[in-house]
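Per-chain numbering from 1; labels A, B, C and D assigned in written order.
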Amino acid sequence: MSLNTFGHLYRVTTWGESHGPAIGASVDGCPPGIEVEEAYIQRFLDKRRPGQSRHTTQRDEPDRVRILSGVFNGRTTGTPVQLMIENTDQRSRDYSGIANSFRPGHADITYHLKYGIRDYRGGGRSSARETASRVAAGGLARAVLKVLAPEIEIRGYMIRIGEMVIDRSRVDWNEIDRNDFFLPDAQAVPAWSDYLRKIRKNRDSVGAEIEVVCKSAPAGLGAPVYGKLDAGLAAAMMSINAVKGVEIGDGMAAARLTGTQNADEIAMGEDGPAFLSNHAGGILGGISSGQDIVVRFAVKPTSSIMTPTRSIKTDGTPTRVSTRGRHDPCVGIRAVPIGEAMMACVLLDHLLLHRAQVGENPGGSIGLGP
Amino acid sequence: MSLNTFGHLYRVTTWGESHGPAIGASVDGCPPGIEVEEAYIQRFLDKRRPGQSRHTTQRDEPDRVRILSGVFNGRTTGTPVQLMIENTDQRSRDYSGIANSFRPGHADITYHLKYGIRDYRGGGRSSARETASRVAAGGLARAVLKVLAPEIEIRGYMIRIGEMVIDRSRVDWNEIDRNDFFLPDAQAVPAWSDYLRKIRKNRDSVGAEIEVVCKSAPAGLGAPVYGKLDAGLAAAMMSINAVKGVEIGDGMAAARLTGTQNADEIAMGEDGPAFLSNHAGGILGGISSGQDIVVRFAVKPTSSIMTPTRSIKTDGTPTRVSTRGRHDPCVGIRAVPIGEAMMACVLLDHLLLHRAQVGENPGGSIGLGP
Amino acid sequence: MSLNTFGHLYRVTTWGESHGPAIGASVDGCPPGIEVEEAYIQRFLDKRRPGQSRHTTQRDEPDRVRILSGVFNGRTTGTPVQLMIENTDQRSRDYSGIANSFRPGHADITYHLKYGIRDYRGGGRSSARETASRVAAGGLARAVLKVLAPEIEIRGYMIRIGEMVIDRSRVDWNEIDRNDFFLPDAQAVPAWSDYLRKIRKNRDSVGAEIEVVCKSAPAGLGAPVYGKLDAGLAAAMMSINAVKGVEIGDGMAAARLTGTQNADEIAMGEDGPAFLSNHAGGILGGISSGQDIVVRFAVKPTSSIMTPTRSIKTDGTPTRVSTRGRHDPCVGIRAVPIGEAMMACVLLDHLLLHRAQVGENPGGSIGLGP
Amino acid sequence: MSLNTFGHLYRVTTWGESHGPAIGASVDGCPPGIEVEEAYIQRFLDKRRPGQSRHTTQRDEPDRVRILSGVFNGRTTGTPVQLMIENTDQRSRDYSGIANSFRPGHADITYHLKYGIRDYRGGGRSSARETASRVAAGGLARAVLKVLAPEIEIRGYMIRIGEMVIDRSRVDWNEIDRNDFFLPDAQAVPAWSDYLRKIRKNRDSVGAEIEVVCKSAPAGLGAPVYGKLDAGLAAAMMSINAVKGVEIGDGMAAARLTGTQNADEIAMGEDGPAFLSNHAGGILGGISSGQDIVVRFAVKPTSSIMTPTRSIKTDGTPTRVSTRGRHDPCVGIRAVPIGEAMMACVLLDHLLLHRAQVGENPGGSIGLGP
């Protein structure tokens, strides 16, 4: 996991700046013979795309992905798959004001301090636009998973925006794609919509919390001790722009529990071990147990707000910064398909790692027979 | 970061099982010419060592580290440093009962499902004993940091055990080493002590939350976008046994904030930018800003408890498991020096990465002159 | 160095097939602030480009490189540099005959056996066209080296084509770019030209041997024991299409020498150690000594020849294959700029590695003073 | 392949200095469930061990390997295997003379220039003693290969010492272990023995050339384009102390051939493709073809000779160096088991890589049926 690459065997290298000619992902290590076409990957990009609703930025990018290599006659060849998305709506004039000043909460100042140079147009490399490349790579990962582990189902959804929280008893995955918020509860939509309209009207923004779940992941994924599945997921989610916390299973709340409360007791089910609870979020000792894998992460409020905040210029003089560009009042919304993509990439990576070390058959078995 | 190795340039590979002949860390990439001796590293191991107080396991290991390579005449040579700790008090009889059954909440079952074989003695590779190797590698990292970035100060401390939480207004780093809990508040010690005694008496265990802070870290550490400093810290902390959540700065709470609340405004200080708050935890866009780097993580309650819990045997038959061995009622306590060690390793790694790409002089500067 | 990536810190990932829409190199880890423009990189591509003379394939690709990311206002930003070359003259009809048969000496059969699918158009990923991406990445590496180690000079040249060998006493680097063969001897050109014309007329091809030298490389590059400079150069050169042997210094001939013959004795020069010979090719124990770094490699004859050779089809039936497409009678000629590019990338990579571990100042010095 | 680690998935990190307390190899990624014991690995170490005959150094090390981790009840567990060899016969007094001077042809001067410090006792990390760790890791790799690819046979043997060359027509693998030179020809032994005695008597040393062959390697190993099997073998062999050249198949001689001479024509055999020759050395496009994999490498003469050679001291003053310690007149002899070990590690690594990407079943097949 070095600089702009993640993954051990399904290796994704993303490149590109917000306002350069294009962005993309070079995916190396993809298994051969997998059916995939641009339209399949495009579906996931369309979910992440800005300009979808009034709650996400009005920038109107078609975000059209092109497969430049690694696919022949509709199937992967085992060579690197280059996924490119051209930047078509760049409007760099919007950002001219920030060339010499730093937006509070943004990477402007740290890029300047590190590199001594930064592509300030639209945040350059630090723009959330980079995540489109992840979603493309995640789409390809899903195509592979459909073949190697067809039972797997990956879903992300919003569980909190600022003060609004979901009602766990009403979660229905079928609702997620039917609203602008990836909310798993149709009834909550109007209230969330009002809340966000108020935020926007206040020239403000707000944070969010996303949960990503993988159902039916095979047991045995993850490699102790620094290749742990949860360590990989933590790095993957924390690498998403604006993410400030990552939880597996009970997450931070585990600190409040006692051992008896936390114990996921084990019984024998019809086709293997059946856990009586899932505080662990499907991962024990860094290895998947066969239960649902549950990850949550928090996204901070969009830093680019229209309310002026105190800052400095590159020459050290004080200034006030307020953003006029097109920005999401809640970047967290778009983080849902991104989190799903990272989950897909990490799981596929560990599936390949497991196949390398242990082979295609499960390592151990738990006796069911006579 | 692959399997049992972490770090890009300061690369730590740990090895060894709880009840094998020895455990250790192979550290590759250490800068040459650094003064270091076993006694210096031993100091950190002594802090992590079990048998220190009645609140940690009574296993009595001297945990004596030996430097087998990479140091000559008291200075590192630039070649791999092998840090070995022999296991002297193994008592494998304590664990004979668990050879054919799985402790709930433990890695027993996932190792079995993955590998089809596991060293069940003391948890084998999944034992918290592995973390002694990390602490040794972290001790060496500190010796290097003392030379390359002497201003850096790294401290970890407990902020929560179960229901007990620290009072932020009373935090005093000078107190941390004066009590059994790494508590930064002398006055809180008796209550925490009582609380933990009660937990133990109930044959139970409890979770914990640790905060690790790095003061005076240079700006510019971290490399977007998958080599982000916070992504590295998240993986490092999540890879510690029993950790279920990691936060940077405001962490999960960032989801509840608005953009105006969250904005760390910037002013100009005497020797560089001065932020007016630190919601970001010292990291923007994956790069350190020069503010305090603040990481928190939650450790779940010790899974090995004396209260019987339902489980199954390797042949699938039901059983009840209760642990008779020596175990901490709160493994989280020992996680404090471990968290510090991981922080030290990650920061050194990024310091070397930065020096590689950008050189020894800061990339950018912010005007202070005439 | 995994699959389609090479380098530790200056990491080059190439992608693309001979007859897909484009090929390219994603370069990660490039230092920031380096002046570079497309025209500078283009210069090196133009040297490798087919269609230059009658001795290389008549395929007429402009091989125009585009910088899609990582460069802003003419300087690198420290983020990934995407170098893309569109394929404009693809003529896939030329290759239709080989879709179901294997060209002897080619990767056709091994790709088929490994992946079960291959992009047969022009050799797909195994085409020498991939090397254009290396040359682009090497051009960028040279731009960085000009800043970090301006004294370095890298030159490659032909020393053998089949039976023709250079006369070492007549080597003149100024001649290299003045002929079609990268020959460092003007006088030899007519004879080589005749020889190659005869090869082509015989519907045959021929092998070649290339030498690449780096003058004024700083001492101290290379990291024992698996990061040795010579191990890196060996992998880099052997990874070039059709290369079958790599030598450092005396190379294979070292097996014939005695220790007294081979000893590179050391004297003290005006500004450091002065070796009295260079059998070692500038590398001792995997680390550069400050002498010229000397690498040679052998390129086998072009496998695609117009003379029919026995082979089989994918269904196992026998066939005879002869190539009708446009092919070099000696691919070795174009390997000269490729070898230079690999040398540039490897040296820069080790320069960054050294800076990371040891810093910008030399590790040791050898006394010159009173 | 970074610094002291090689391999992608079967990752070997070696550590230790010639005269430190111990040396060893940390092997990560080993498949679980493989039967292995110390005695099996010891067999390979005994072949490499000095003090075997009058032709290798008289240093008398038992070179006893201990397995410190990763093996439980005689089988690998999938966790890191630590292989340690204690240094028992160190006699550091022998080397006191070289603390302040540089042996020509040795890494003394380059370690000094790079790191500013070196463990001069016995060459420290640059000593050929490091190769014992490789042989141990190779022994473990062989145990795994016996299970995953039992048909594979790996053999190395001498083909040249100085002026003495083998007669290819007399090669008999059964003879290799019956003489002190790993010579595949019993009849040649007396002449080689005389030759080497003369070299030693002249206080000189001599180079050697070793060939390592893998019979019955499966087709499909190797991953284009920088993970090519031949690139991996080249790096592996070049990383062995004193190696100056590596060849695959026809090697450097390929430069002298024409395409018609070099073409390995293909017929259909009883159970797959049958090549009519093997100029390629079993590798096409970086992927194994199913033919014998043939690698050769040249080892330069031992640099430590008893004949005085001109050199300088660390303070720059001139000196003459002659070695009094125990040294092989031909280090190349011991390189035979080392070359075999590297071949075993590289092949296993690629076997795991292939299993990861393509799975356990062959990618493609070539029609044999109706």
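FYI, a contact is a pair of C-beta atoms (placed from the backbone, for glycine too) under 8 Å apart; a residue touches a chain by one contact, two chains touch by 3 or more.
The structure presented is a predicted model; accordingly, all values stated were derived computationally and were not measured.
K.L.:
Comparing B-C against C-D, which pair counts more contacting C-beta pairs?
P.N.:
Between C-D and B-C, the larger count of C-beta pairs in contact belongs to C-D.
K.L.:
From the centre of subunit B, which other chain's Cα mean sits the farthest off?
P.N.:
Most distant chain from subunit B: C.
K.L.:
Find the geometric centre of each of subunit B and subunit C from their Cα atoms only, then give the gap between the two centres in Å, rounded to an integer.
P.N.:
The separation of the two C-alpha centroids amounts to 44 Å.
K.L.:
Centre to centre, by mean C-alpha position, how many angstrom separate subunit C and subunit D?
P.N.:
Measuring from centre to centre gives 26 Å for this pair.
K.L.:
Quick one: which residues in subunit D touch 2 or more of the other chains?
P.N.:
In subunit D, residues 2-5, 14, 29, 32-33, 78-79, 114-117, 125, 224, 353, 358, 363 touch at least two other chains, as defined above.
K.L.:
Inside the complex, what are the residues of subunit C that reach subunit D?
P.N.:
1-6, 8, 14, 102, 104-107, 109-117, 125-126, 130, 160-163, 199, 202, 204-209, 219-228, 230-239, 241, 244-268, 273, 276, 279-281, 283-290, 296, 298-303, 305, 307, 309-312, 314-318, 332, 353-354, 358, 362-368
K.L.:
Quick check: in the complex, which residue numbers of subunit C touch subunit A?
P.N.:
That would be residues 2-5, 11, 13-17, 20-24, 26, 28-29, 32-33, 66, 68-70, 72-73, 75-82, 114-119, 124-125 of subunit C.
K.L.:
Quick check: in the complex, which residue numbers of subunit B touch subunit C?
P.N.:
Against subunit C, the touching part of subunit B is residues 9, 29-33, 78-79, 224, 352-353, 355-360, 363.
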